[in-house]
Amino acid sequence: MVLTQFLVLGALMFSIGVFGLLSRRNAVTILLSVELMLAAVNINLVAFEAFWNTAAAHGQIFAIFVITIAAAEVGIGLAIILLVFRNRASGNIDELDLMRW
Amino acid sequence: MNLDYHALAPELVVAATILVVLTLDVVLPRSRKYWTAFAAVLGLAIAALPLLTLAFDDGPQSRSMMGGGYVVDEFALVLKAVFIVGGYLVLLMSVSFIESDRYYQGEYYLLMITSILGSLVMASSRDLITLFVGLELVTGPLFLLAGWRKGDSRSNEAALKFFILGVLSTAILLYGMSFLYGLTGSVTFEGIRQAAPALADSGAFRLAVLFTIVGFGFKVTAVPFHFWAPDTYQGAPTPVTAYLSVGSKTAGFVGLMLLCYQALPAVTEIWGPTLWILAALSMTLGNLTALRQDNVVRLLAYSSIAQGGFILVPFAAAAVSNDPEVIQEAASAIIVYVIIYAFMNLGAFGVVIAGARRTGSVEIDDWAGMWRYSPRVAVLGAVFFFSLAGIPPLAGWYAKFVMFLSILRPDNVWTTALAVIAAVNAVIALVYYARIGKTMWMDPVPEGIEPKADSRPLVGSLALALGITALFVGAAGVFPYEFAGVFADLAKTVTGGI
Amino acid sequence: MAWFESVGLSLTVFLPAAGALALFALPKAQENAQKLLALVVTGLTAVLAVGVAANFDYGRSERFQFEVTESWIPAIGARYHIGVDGISLPLLVLSAVVTLLAVIYSWDHWEEPRNVRGFLALMLLLATGMNGTFVALDLVLFFIFFELVLLPMYFMIGIWGDSSKRRIPVLGRTVTMRLYAAIKFFIFTLFGSAFMLLGFLALYFRSGDFLPANTFDIPALIALGAENAFGSGTFAFLVFGAMFLGFAVKVPMWPFHTWLPDAHTAAPTVGSVLLAAILLKLGSYAFLRISIPILPEMAREWAPFIGLLAVIGIIYGSLACLAQTDVKRLIAFSSVGHMGFVMLGIATMTDVGFNASLIGMVAHGLITGLLFFLAGSMHHRYHTREIARLGGNQKLMPWMGGILAFTAMASLGLPGLAGFWGEFMSLLGAYRPLAGLSSSQFQTYMVIGAIGTVLTAGYMLWMLQRVNLGEPKAEWADRSFHDVETTEWLAWAPLIVAIVVIGVYPQVILGSTTDAVVNLARTAFGG
Amino acid sequence: MVNVSLPLVLAATDGAELSSGGFFAATAWIMLLLPFVAFLAIILVGKRLKGLGAELAIGAMGINLVWASVLLVQNMLEGIYREVGLTIAEIGTLGITDQNLSFELGFVVDGLSIMMYWVVAFVGFLVFLYAHGYMKGDVRVPWFFASLSLFAGSMLVLVGAPNLIQLIIGWEGVGLASYLLIGHYWEHKPNSDAAVKAFMTNKVADVGLILGTILIGPSLGSFRFSALNQAAANHSESLEGVAVVGGLLLFFGAMGKSAQFPLHVWLPDAMAGPTPVSALMHAATMVTAGIYLMARTFPLYQEMATDARAIMLPIAVITLFVLGFLALVADDLKRVLAFSTVSQLGYMMAAVAAGGYTAGLFHLFTHAFFKALLFLGAGSVIHAVHSNNMSDMGGLRKSMPVTFWTFVVGAVSLAGVIPLAGFWSKDEILATLGHEGYTLFMWVAILGAFVTAFYMTRAVSLTFLGTYKGTGHPHESPPVMTGPLVALAIPSVVAGLFNIPGVTWGPIGNFTEWVGHRVVPMGDYHPKSIEWDLAAYGLIAAGAGILLGWRLFAPDAATQTARDRLRIPVLYPLLHKGYYIDDLYMKGVVNPIKGPVARAVDWVNAYVIDTVINGVGALTARIGELVYGRFDQQGIDLVLNATAGGTGWAGGRLRLLQSGKVRQYAAGFVVGALLLVIALVIVI
């Protein structure tokens, strides 16, 4: 069955994204990992849409929204990372511990 | 597709305000930028008007649009009112704070009302897509606002932490939502509701529900999804923190309520225990951790985590019962708590702003003996902190009261256990709230805190915001029904799906 | 006087709160105007309370009078329901009058950091809470008023209290007394009332099984209790236990009493007076108003346990008094013993016992209130409360010494003064407890309680001997002291008179309470 | 607020032939109140009066004496019974009746109370007069007379009490007055110690009185003596269970006030008060309250609680005999008299306990006169020589003739020499003991009479005979003091005549009849004629005592002193220490309670209960710290490491160990979600 394979792909991508998020120290890489997770979501959505195949095409609409918003988020994220980089000359998130009591 | 413009008027006004602020920001010279603040405040005030006309309109109780995906009913109206009033108060608090800062004012207001617009959208959303869009509209600007003090490393750090965890939660939420849609074949809550009972035993479905809840758990700072909150609260500009702890958190609860009551009322066995656990963890860990805080903002962060736990309690009550009355009462309790919490927590942050203006510090010890040099701030501090503690006759008691009422109504051992946990936590919470009271009122003024003659802690708009919140906290404590209960009664229509 | 019937009681409750707000309309510097306002407000409140008493129909004191019931929080069925019956009336009058006396005394007794306006405002708020608790006939309303007293008292102790340091044994930390006492009082009481609230809510839900709608209404719940609607199962047990925690902490019963000596010792004089005279009564009153009539079967089951704690309190409090070196702390501990008698009376579950507890409450309010006034005034003059440093007070200040001796005598239960009746009647009740309770057990309590009276006499006389008698210590010998001053006379004379009047003619109190408690015992336990 | 209707209860006068007494009986309450009025007036204005308040006290007592005398005469002529009560409290039903139990205040006018009124008023009036002279120049005269008035009022309230409640009020009222007056010179610790001791001893005994009242009152449904006596006379079922225990409890109360063994310890110390106080309270009136209580409730013991006698009588006899010896070794003249009082109270108690209502009361009556006389005489001496100790006296016969002769009259009367008052009353006690079959106790009592005579002779000899051993030149006291001595000497001589067995004095009858005017008949034994054999034994004992005393102590000063200083081993310390009873109380009970026990309780408070409380607080704070530090800020590291290790994410492992904060948070986030998934998807 085709759906399952897509879902497995999505799950794998999601997991890779999670792993990347947890294991990478560079902020940009982390951002990429998140994108990977969002991409996994999109694969799911589109696959399900194909599975249900309704006229409303909700899955695809959803996916488009996700893509749009993901783009916006990346914009925001890069802006913040840039800010941090400018103030600290480092993109390593492990160095962010000013508020550690 | 028919749009009911009357129903959409608040959103439209706010959207227009965004444009006006943007335009003003572009055209006005730097010295006149304060007009952007004025426009934002005014715009929000105007947005409240159509809420009133809608509330008193004799037309349909529920105005549905976009194929049922966007609904303006009593629940939406009440929550929109909360968002608008809360946002309005935050803006009032922001004015002096932002003015005294050296950063660019215009975009602050722009981002803030954009976030408010997102919360308005959420209150009306009745499908996954709108909900998601609204949620992101709330959160996106906040990432930027948290980092608004661009030159301040703490602020940067706050923003980055918030952002990374925020997108992580978004991803998890979306992953859950994709399965919700995939398994039910519908993105509307209506459709999910109808398909859900058949799927109740499906592992994938449970996973979907859980991931969605985790996404909202991030917004409502439920333990263990709260880690970002203390650092972000501490690092962000205080008015933003106030908004985070009230506006954005309320938006999270709105999402949870819609999900639980509109989309998934049939599968309480999945989300009930989950929220039970989250509630218990949030209350207990939030309170215990707050005991050790020396920074007022950080303390308020943990306090707000614990308060979030209290708000989650009624969800657990609804989960063990099929009695519509119980479920409605739980919904009502959540809304009452949210309303009262919004006012008292905003008030508390207002006091933090005022106190920081006066002493230049948010370390609790630096506030010692404040009543000697700023008695009004000290009085207000006592009012809000003891209201958060739930001491009658300040409004907080009623929030806790209805919370207990809702959790005890189902005669069930699990809910009763949660009630006892909540009771113990209510007592633990007293310790740190009372500690602030103690410090401000009973400790001697520390050396080095000289009265600054020029810095009046309560300036115009901040005083107004504190006045409004204090009045509300006092009045709602004595007349809780008129000031909070009646709205909750209206808004419990959110359980209509049951 | 129809208007008085309808608003008199509400005015009694809320006038002080209005006064507290009005105080802030006065400029900070005008202390005399502030004092005058507080005096007028508490004076009016006292007049209103006495007016309520004067218009009270004693022929049917078992019924609620001056009843007002208005919609309040419809969402939860809580109503603004107030009224007085014979049980609450004396306590209401006591509360209103003692507050007035406290304001009079405050006229020229201020503790640092002065702030007249703040102190008076807290006192007035406290008055609203106290008066309100005694008239509330709705559990939610009761809860609100019950808790309302906390904050003012917390701030009173914490701000104006005793700043001396004390080392906490075992933990080894040194604490400032007022801060330690304030937070201890606060947390302790709230800990109890959190559980009390759970109990109230449980009653609320269970009431729906018998009534068309759930209710917080006390008379309605009492009517259910009379039919023993809540039974004697686990539910009733837990509910009674939860409320017991809340009330017992407030009384305070042994072993929940340890906040009391600290709070009393640390509080400013007026705070101690109000704490002793009124606040301690809220808990024992709540037993009579709520626990017993609503859960009579459970009350019967818990009675031996309550009685046990009560007699332990009597003996323990008295013995602890013998070990005190601080006058105020001694008086504070004496409250533990005296409230033990009050609770013993309640534990007998008889009308005589209930009466004993009520007259005991009033008497303890008057007597211990006066003792704290005296301790405060002596501290004012000697700047110490160390018993070992005092002595010969009678010689230095004959009137002060005389009043102290008088009050000590009243406190040790001298017949003919107010303190005796409560002790005597609770022992009387313990001899013949409610049918179904073990007579021999309660008679043992009676004997232990009677031994307690001896110990009470012992510590009081010993205190008198060391403080009042003998030659003044060298450090005071050549000092001159102001004997009792005008405001002190004004504040104390009514208490002295009341102690004698109640001592000679206890019907002053019992005339109001007897029918009510007889009815209470009868409806709760039948027969 | 107040129940303003004042229901006056007029009890039925059951003794059918008794009159209700007319005006003076109806207004007897004035007598009860007057001293209180004087008390208040003296406190308020006493300082400003010429006589410093003494005139108010004396005036009030004078009026009372008139009142009491009129009543006395009326009672002699016709017999009076009137009982009036005002309900002061309705206290509830105890669930046993439909009627509220009530407390009442009021007064009873009957044979017994009239006799007591008169004794109190008569002795009181004389002592007040005497004190006016004795206390001249004292530090606080107004307070002294105020306290005396308070005492007189309380005593009248006590003896006029128609019920147990009022009796308790009066009872503790006189106790308070006693405390105040014993501690009159409270600047010195021994005096205040004595005052506290008196109060405390009585308080211990009062427990008995109070518990007795509690046992009897609810059983009867009334606290009235009339109800109690009637019930006892009718052998009512309501008293069945409580008569003996209740009776013994009341007796325990009486033991305190009437200084019965072993609660007598306070009375000798009570001599720390000014001498008039000792005369009035600690000899004539207050200490007889216990006897009075036994007499008031006599039918209870006579009819129902007869078993109680097995305990009462031995105690009374121990008191009269064993404690009498203590007077032998005392050097303080007042202490001699105090021990004598204790012993005489033993006689009275023995009589009442044996069923001799009249005999006990009659001894109370005569003893009031001669013991007050002796104390006032002693006061007169002390006033003159400024010392209480007989070793500072001697030879005062010449310089103080009036005091001497009146003292001798008192001593002889006390010793029981015919025809003085003491003889007749003591003889009647012996007769009662004998008649009721307590032969052994009778003989002990006769031996006691020997001891009495002996120590009184010793006291007279050491004080008045021989040569003066003190300093200064003692003079006879002023008339205001000697007057009362003479006035008391007269009844000390003649009072006995009113109750010579078988003799009735025409229309006024005799003492037996007077005190027999009660609501129910007392049913006690009255000898119909003088029992000469008993009288002879008594006289022989008295004579032997006097003779021995005379032989030992009458000679010249040197021998006198030497003999008195003879310290017989074992016996002397034993007596001197009062059989070590005081030490037992102080070292065995009072000090441990005041010291270790009280401190232990305080320790428990601070170290146990408070530690638990503070510990919970500290523990919560510590948990907070742990949660914050270990979980919230660090703990995720541990979880991450564990997860990494467990799932073999080898690549990430090293880096995870150095994990920074943001990723910790993210990890916490993910781990939390995973745990939820495990819990809710996989487990459930």
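Chains: A, B, C and D, in written order; residue numbering restarts at 1 for each.
Here is the rule we use: a contact is a pair of C-beta atoms (placed from the backbone, for glycine too) under 8 Å apart; a residue touches a chain by one contact, two chains touch by 3 or more.
This structure is a prediction, so every number in the text was calculated from the model and none was measured.
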Fill in the blank from the handout: Larger contact count among B-C and A-D belongs to B-C
Problem - Geometric centre distance via CA averages, chain C-chain B, whole Å - result: 42
Practice task
Report, in whole Å, the distance between the mean C-alpha point of chain A and the mean C-alpha point of chain D.
Solution key: 94
Handout entry: Centroid distance [mean C-alpha coordinates] between chain C and chain A, Å
Key = 64
Handout entry: Centroid spacing, where centroids are CA-atom means, of chain A and chain B in whole angstrom
Key = 26
Completion exercise
Listed in rising order, chain D residues that touch 2 or more other chains are 617, 628, 661-662, 666, 670
Fill in the blank from the handout: Residue numbers in chain A touching two or more further chains are 21, 93, 96, 101
Exercise for the section: Find every residue in chain C that makes contact with two or more other chains and list them. Expected result: 187
Handout entry: Touching pairs among all chains present in the structure
Key = A-B, A-D, B-C, B-D, C-D
Exercise for the section: Show which residues of chain C lie in contact with chain B when the two form their complex. Expected result: 72-76, 113, 140, 143-145, 147-148, 150-151, 154-155, 158-159, 178-179, 182-183, 186-187, 190-191, 194-195, 197-198, 201-202, 204-205
Handout entry: Touching residues on chain D, where the partner in the complex is chain B
Key = 617, 620-621, 623-625, 627-629, 631-632, 636, 661-662, 664-666, 668-673, 676-677, 679-682, 684
Handout entry: Complex contacts: residues of chain A adjacent to chain D
Key = 18-19, 21-23, 25, 92-97, 100-101
Practice task
Please give the residue numbers of chain B that touch chain D in the complex, ascending.
Solution key: 160-161, 164-165, 168-169, 172, 203, 206-207, 210-211, 214, 218, 223-225, 227-228, 230-231, 270, 273-274, 277, 285, 287-293, 428, 431
Problem - Touch list for chain C against partner chain D, complex - result: 50, 53-54, 56, 58, 89-90, 93, 168-171, 184, 187-188, 255, 258-259, 261, 316, 319-324, 350-352, 354-356, 392, 394-395, 409, 414-416, 420-421, 424-425, 427-429, 431-432, 434-435, 446-447, 450-451, 453-455, 457-458, 461-462, 465, 468-471, 504-508, 510-512, 514, 517-518, 521, 525, 527
